[in-house]
Structures are given as structure tokens and as C-alpha cells.
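Let me begin by presenting the structure, written as C-alpha cells, before commenting on it.
Per-chain numbering from 1; labels A, B, C and D assigned in written order.
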Amino acid sequence: MNKYSHIQTEAYEANMQLPALGLVLFTFGNVSAADSSLGVFAIKPSGVPYADLTPDKMVVVDFEGQKVAGDLRFSSDTLTHAVLYKHWPKIGGIVHTHSTYATAWAQAQRSIPVFGTTHADYTTADIPCAPPMSDEMIKGNYEYQTGFQIIDCLKNNSLSYEEVEMILVGNHAPFTWGKNAAKAVHNSAVLEYIAKMAIVTEQINSQAPRLKPALIAKHFERKHGPDSYYGQ
Amino acid sequence: MNKYSHIQTEAYEANMQLPALGLVLFTFGNVSAADSSLGVFAIKPSGVPYADLTPDKMVVVDFEGQKVAGDLRFSSDTLTHAVLYKHWPKIGGIVHTHSTYATAWAQAQRSIPVFGTTHADYTTADIPCAPPMSDEMIKGNYEYQTGFQIIDCLKNNSLSYEEVEMILVGNHAPFTWGKNAAKAVHNSAVLEYIAKMAIVTEQINSQAPRLKPALIAKHFERKHGPDSYYGQ
Amino acid sequence: MNKYSHIQTEAYEANMQLPALGLVLFTFGNVSAADSSLGVFAIKPSGVPYADLTPDKMVVVDFEGQKVAGDLRFSSDTLTHAVLYKHWPKIGGIVHTHSTYATAWAQAQRSIPVFGTTHADYTTADIPCAPPMSDEMIKGNYEYQTGFQIIDCLKNNSLSYEEVEMILVGNHAPFTWGKNAAKAVHNSAVLEYIAKMAIVTEQINSQAPRLKPALIAKHFERKHGPDSYYGQ
Amino acid sequence: MNKYSHIQTEAYEANMQLPALGLVLFTFGNVSAADSSLGVFAIKPSGVPYADLTPDKMVVVDFEGQKVAGDLRFSSDTLTHAVLYKHWPKIGGIVHTHSTYATAWAQAQRSIPVFGTTHADYTTADIPCAPPMSDEMIKGNYEYQTGFQIIDCLKNNSLSYEEVEMILVGNHAPFTWGKNAAKAVHNSAVLEYIAKMAIVTEQINSQAPRLKPALIAKHFERKHGPDSYYGQ
């Protein structure tokens, strides 16, 4: 036991959900769990198979991306997580995967249109796709810049990180977040589900219309608005 | 034990079939089971994971949509179920899911063409897709109006709820029904299977013809007609 | 034990492979196993879930389609099996499924082109798709006529039932056969696999060419010719 | 125990991963493991179901394709493996499968474009597709010539077998390799994953661009370059 074991356990359990939900092949994904009062997060070590993980192998890192505790090298995507935690104070978990359909939309460099209520139950907007970074950003501190690419994409789409908890990074893959690691993993599974339905929708009707504004508002508000009536 | 435990057990068992048949992610679906002599139905509580369900957590509701028994808040789709039970006296179960392929057809706002005998074993008609509701209906009592959207769509297609036990609600997702909850779940699985085959059929041949009338009649009648010879 | 228990056991075990191989939803398929010396075959009873099957529930039928033994009603497709056994003396097993991709090709009314060596390992020809039957044939003895539709389709394509052990019946679904029931089931799984690969191939390259004749001959002969060197 | 049991065990364990990873139907694949100091490799016997394999059933063959030890007939693809081991001294494992999406690209006779970072984590190049062989090569020693078809395809694309560890053989199916059998199997699973994402990417955007050079270089180098920082 140490003062970080609560987030190490949270990160461990959330990481183990990625293969259980079919969101990763081998080590193609990572989850982190943050404690904003301590200013740190626990994240998967790099390249370690999920079957070999234990809570104490989770690496603890501060919001500047400096290792605070742990014996292993942290995930190569750690600096992206650090940037997001630093700028978005209300989130407690982040997930990165290369799940098949969400990654295909990222590779296609297209935002996912809001085609139905399944999507609107999570966000009223298209799931944005950030453009590929400039060569200068790539050759600089790549993972650090990926964080800013995500933050800037939301800004450019006039979206807050509370309105949409998922994004595609162009040519790369999705990132999702939430109030804690479990919610961020939930959002990753939902994003993959929505991503598959969206391309099948276009295959059935290449002119499929977006959901009409009244339905977008209704579905989002019944689940998230002040008068929400979904859940217990 | 209480006087509703038979439908609570029926609804519980049918709800548990949804994840077993791969028809739901997380809590994206609900089943109800009705007792028409009592004028009530039991339905899944809202937002509760399937793994946490028990028969006594099923909420009992009357055909006006008023809670009769149960501690939890009922599914947010409950009023849609209530409207259908009130208007269709011979049904005993209703299912709503967001299963991938059926939902994609709903998002594409297209009815599913009767392309083969698998489809004709269940209904002689295209699976209808109800148009999205008017903004007035959406802003009113949304789930209640969804029930009427379903009823009106069948009427406008000159279909009875006994001829076709499945429908797509445009931009939303499918509903199915049947003589009891198990049959309604069976129909949901069949609808998802047909929905996937139909889009693959169009991908193989964009001009694929509908099943000819003589085959539609033959397959439906050998399973459902007065001289049916399918089953024991 | 009775004098048919060997084929009842063979048919039972082969039927149980259909759900194990993912080839059926609910009761959408049936397998039969024949003993040509006795002139009979054992086949799945109609509409009975696979989980409820036992060897002694298999119905024994002669090659004219008359029940010889068994308490249950035989599969509604039994007459199709009978016609094939009567006309093709060297086969010992037949399978009918509505597996997703093979059925989609049948619904699209297209033969499956020989796109690669996976296909050529089984047959040198396109997998033929029989045209839908005439209305007269449908209104007559439908399942009996389906058998002749299959036999005639092979004839019209100058194929023998030993060269190709699988066929699509237009607007309906696939049938496969083989020296015994296990080989017929094997062929059903292979057909579904080939059917999926063929549509994905066309999606990747809408002008994908057929396998060249030298490769077709090479792959078929190394597995089936007089100088075959595949297997033990 | 014999002097080859280390590679027989390695080959056995790697072969058993093929069905576990969903890469094969029935016996549609084979893995070999080489010991370059002994100049031999162990490979799956031909046509034996995976469930019946044991380490001692693996057949030991030298780099000329001559059997050195083992009671069973070796895989019909053995000569292809022998040619690759003979010409590529640094590899220790080879895999051949007919996995669905990779085989579909081979049947479509297209190289897989480098659409994203998932791909670039493994190779900076498109996954090449070797053209079908000439009729003379097919009618000669087919499997032996397949090895040269692979070697020549890399040469013609100015690629080394260390830069790209996977290839498609046109109209046939994929081959992968690596420092040992486990890495070759890992590459087969990754290839299938990339192959599926690539066609979905094109379905979402038929004009999807390749990954830009700066990103290709960044992702490959962070995993494989002298300053790599992926893994432990």
C-alpha cells in the first residue's frame, strides 16, 4: 500500500476492461486514472501485456509528465494524458485505444455524424476528428503536442470537454475521457459501437441525414439535462 | 412472492437474453412482459446493468404508464411499451434494443426489403421504418408519442401487429413484440440477423430483387398458415 | 439401440456442430446423415432447439421422403434431402443453413466467383447460384422441387456433385453435401468463410479478377488429384 | 526429448495460437520455428486439426526442404518456408494463414496502404502484394516458387525483410515472419487487424490519404529506432 494505490487499482481495473470489451489487440491501448487533489495519475506501463498487469505495476506520473512512482517505463502516450489532465480539471480518467471502427474513422479523417439517438445519448455534436499535426509538431515533442491537438480541435469546434467526452486524432486513433477511469472506458466502448453503426448507416443510405435538432436535444437532455429521467 | 412475480420473472429472464444474444452494449435495451388480465406489465429498471438485475427489481406498470409496484425508476422507454400494450391486446412482450444492424437501418431511414426466405419466414412485408416524429411530438411526451408513431406507421403501411412483429423507428432503433417476452426477444435476434444479411445482400448486388410473391407466400404459410408444417 | 442408431448419432453430432461453428441462429439449419445400403437417412426434427436434441430424436426417412422411424415431425426441408440422396448415390451427408454471408449471396442471386486459392482448394468452379423456382414449382411440392432445382443447376453449369459440394439456392440459402455428415458440415463452414472473403474482396477491388486457370488447377490437384500431397 | 524438441515445442505453441487468435478455420494455416545454428525448422504436419497437435508431431525439415525428423507428412507449404529461411538468415519463425481480411486484400491483388499509426508502428511501407506467379512457375515446383515470389516482391519494392515482416501473395493469402515463431504469429494477428481497418477506412472515405511521411517516421522510430521508447 502507498498513497497512490487507490488510483493504481482504479487504473488497473479499467485497463483490464479493454480486452474484456474487445477494444484492444495485444497492447494497443492504455487507461489512466487521476487524483486531482494529488495532481497525479496512474497509467499502464508501456508494452506490457494485459495478462501480466497488476495494480502495483501502474506508473504514477504528475501533470507535467514526470514519473512520481513505479518501477516500469510508462506508456509512450503518457504525455498526452498529462496535458489533458493539466488543462481539463474535472476529468478523472483517460483512455486511448486503436479500436477497429473508431480508428478507421480517424484514418479516414472524418468526424462521425450524429446519425441517431444512440449517439445523441452521449453528445449532441458530431464526434470531432482532429486534423493530423504539422510536421513541426510531430518532430517536436510528439505525444505532448497530441494533447494540444486534441484541446485545439475542441476549441475550433466550439465544444467543451464536458459536452463531448471522445475524439478522433486524424490518422491515428481515438481518445476518450470522463469523470473517472471506468466512465472513460465506458465511453471508449460506446464510441466503437457508434463508429461501426455510422459506417453501416452510410452503406445502407449514402445520403443518410443527421438526427434532427429536436431529437438531438431530447435524447441528450433526458439523460444529462437538469430534468433527466434516465438511470436511478 | 407477489401477484406480479410471474411477469417479473418472465421479464427478468427475457432481459437477460439480450446480452446473451449479443443484442446490447451496457444497458442499451429493455424487455417487458405483460399480463393482460391484470392490465399490467413488468419492465427493466432504468440504467441498471444486466448483471445487477433480479426478478424483483423489475418495475410493474399499468397500461396508462403508472407505476404499480417496484422500488426503482422504470425504463425511460416505458411509456412506449404502455401505449403498445393498450392498443394491441394480443401481445404479451415487447423488446427495445439498439442492436447494430437494425439500428443502422433505422438511422438510414429505410425499411428492410424482403430479400429472402429467412425474412419471409417471419413476415411477408418489408420491415417498416417509421419516419422521425414531428418536432411538436418530440417536445411533447416523447416516449408516449413514440408508441403512436409505431402504431401509425403500421396503419399507413396497411399492416397489422400480428402480420409483422418488428419495426424500426427512424433515427432511433428497433422495437419488436410477440405473444410473450421470449418471443419478442426471439424476434429481436431475428431482426438483427435479417438486417445484417440485407445490407450485405445489397453490397453484393445493388440491384438485388425482392423475393417473388409466390415464394413469400409459400415460406410464410408453411410456418404460419393453417396448413403449416414447421415445428412440432 | 436400433438399426438406425449409427446414422442418428452421426446426424446428431453433425447438427450440434452448426451452432458451435456459428452457422445458425436458433433453429435455422439442419443436417442429415445417410446409410445408402439401407436407403435411409436420419435428419433433425423440425423446429427443435439444438440444446434439446438427442440422437434418438433424429427422424429416419427413406429416399422417397417417407418416415421410417422416429416420434417427431421431420425437418420441413426433408424432401430436398431425399431427392438429393436418391439422385446422388455417393453422398452420405447434407447440410442446409441460413449462414449470413452465403445466404446474402443467394439473396443477391449471384454465384460466388473463384477469387483465390482458399476457394480453389475446394472446387475449381464458381459456387453456383440456382435461379428462383417458377411459380408452378413453388406452388407444387416446394421442398421436393428445391431438390430438382439444385440438380438442374449443376447440370446447367456442366458440374457434377463430386466436383462441387456446395450450392446457393437463389433468394433462399445454401446447401452443402459430402461423403458423410461431418464433411458436409465442414463444407458449410468453408462456404460461409469463402462467401465473406468474396464480398470483402469486391469491396477492396470492384474489378478483382478470378484466379487464373493454372492456379485453380494447381490448388485443386494438390489437395484432390491423383498426386495430391495435402493431409496424412 | 531429442535435439529438435526446442523448436518443436516453439512451433507447437505458436501453431496453437492461430485458432486462439481467430486467424484460422479448420487447418487453414501453419507456423514454423527455425534453429539457424542447426539449419532446420519445425513445422505443422499437413491437414492435422489443431486440437490433435502435440510438440512431437511437428515435422523437422532442413533449409533445402528435406525432412530430417518426424513421422508425419509436413505441411504442403513447407518448401515456401524453406526458401525464406535459406535466404533470410535473421528470421526464426514464419506463419501462413488464410485470415479473412488479409486474404481478401491478396485476392483483390492490392497492397495495403499505410493509412495510420497502427500500421506505421510495424512498417513504414504499404504491405506489399506479390503478383500471381507465371504459369510456368505454377506448373513447376509451386510452393518452392512461392518463396521466390515473396523474395522478389520485396526486392522489386526496395524493401528488406527486416523493414517489413508481412506480405500478401496475390490471389492466395498472407505470409508473415519474425525473429521467432511467436513474433511471426503476433505479426499475423496485426496484419489481419490492419487489413480490416484499411478496407473500413476506404469505405468511410474512398479518398483517404496515406499517413504523412513525418508521422510514418515518428511512429516507426519511437517503437523501433535507436531512440525508441516503447516497451520495457
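One rule holds for everything that comes next: a residue touches a chain if its C-beta (ideal position, glycine included) is under 8 Å from a C-beta of that chain, and two chains touch if they have at least 3 such contacts.
For clarity, every value in this text was computed on a predicted model and none was experimentally measured.
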item	value
Shared interface numbering between chain D and chain A [over half = same, under half = different]	different
Cα-superposition angle relating the copies chain D and chain C, to nearest 5°	90
Centroid-based (C-alpha) most distant chain relative to chain A	C
Centre-of-Cα separation between chain C and chain B, whole angstrom	33
Shared-contact residues (touching 2 or more other chains) in chain C	202-203
Chain-level touch network, classified as line, ring, star, complete or other	ring
Residue numbers on chain D that touch chain A, as the complex places them	115-118, 186, 189-190, 193, 196-198, 200-205, 208-209, 211-212, 214-215, 218, 222-223, 229-232
Interfacial residue positions of chain B with respect to chain A in the complex	25-26, 28, 45-48, 72-73, 76, 98, 100-101, 103-110, 132-133, 135, 138-139, 142, 171-173, 199, 202-203
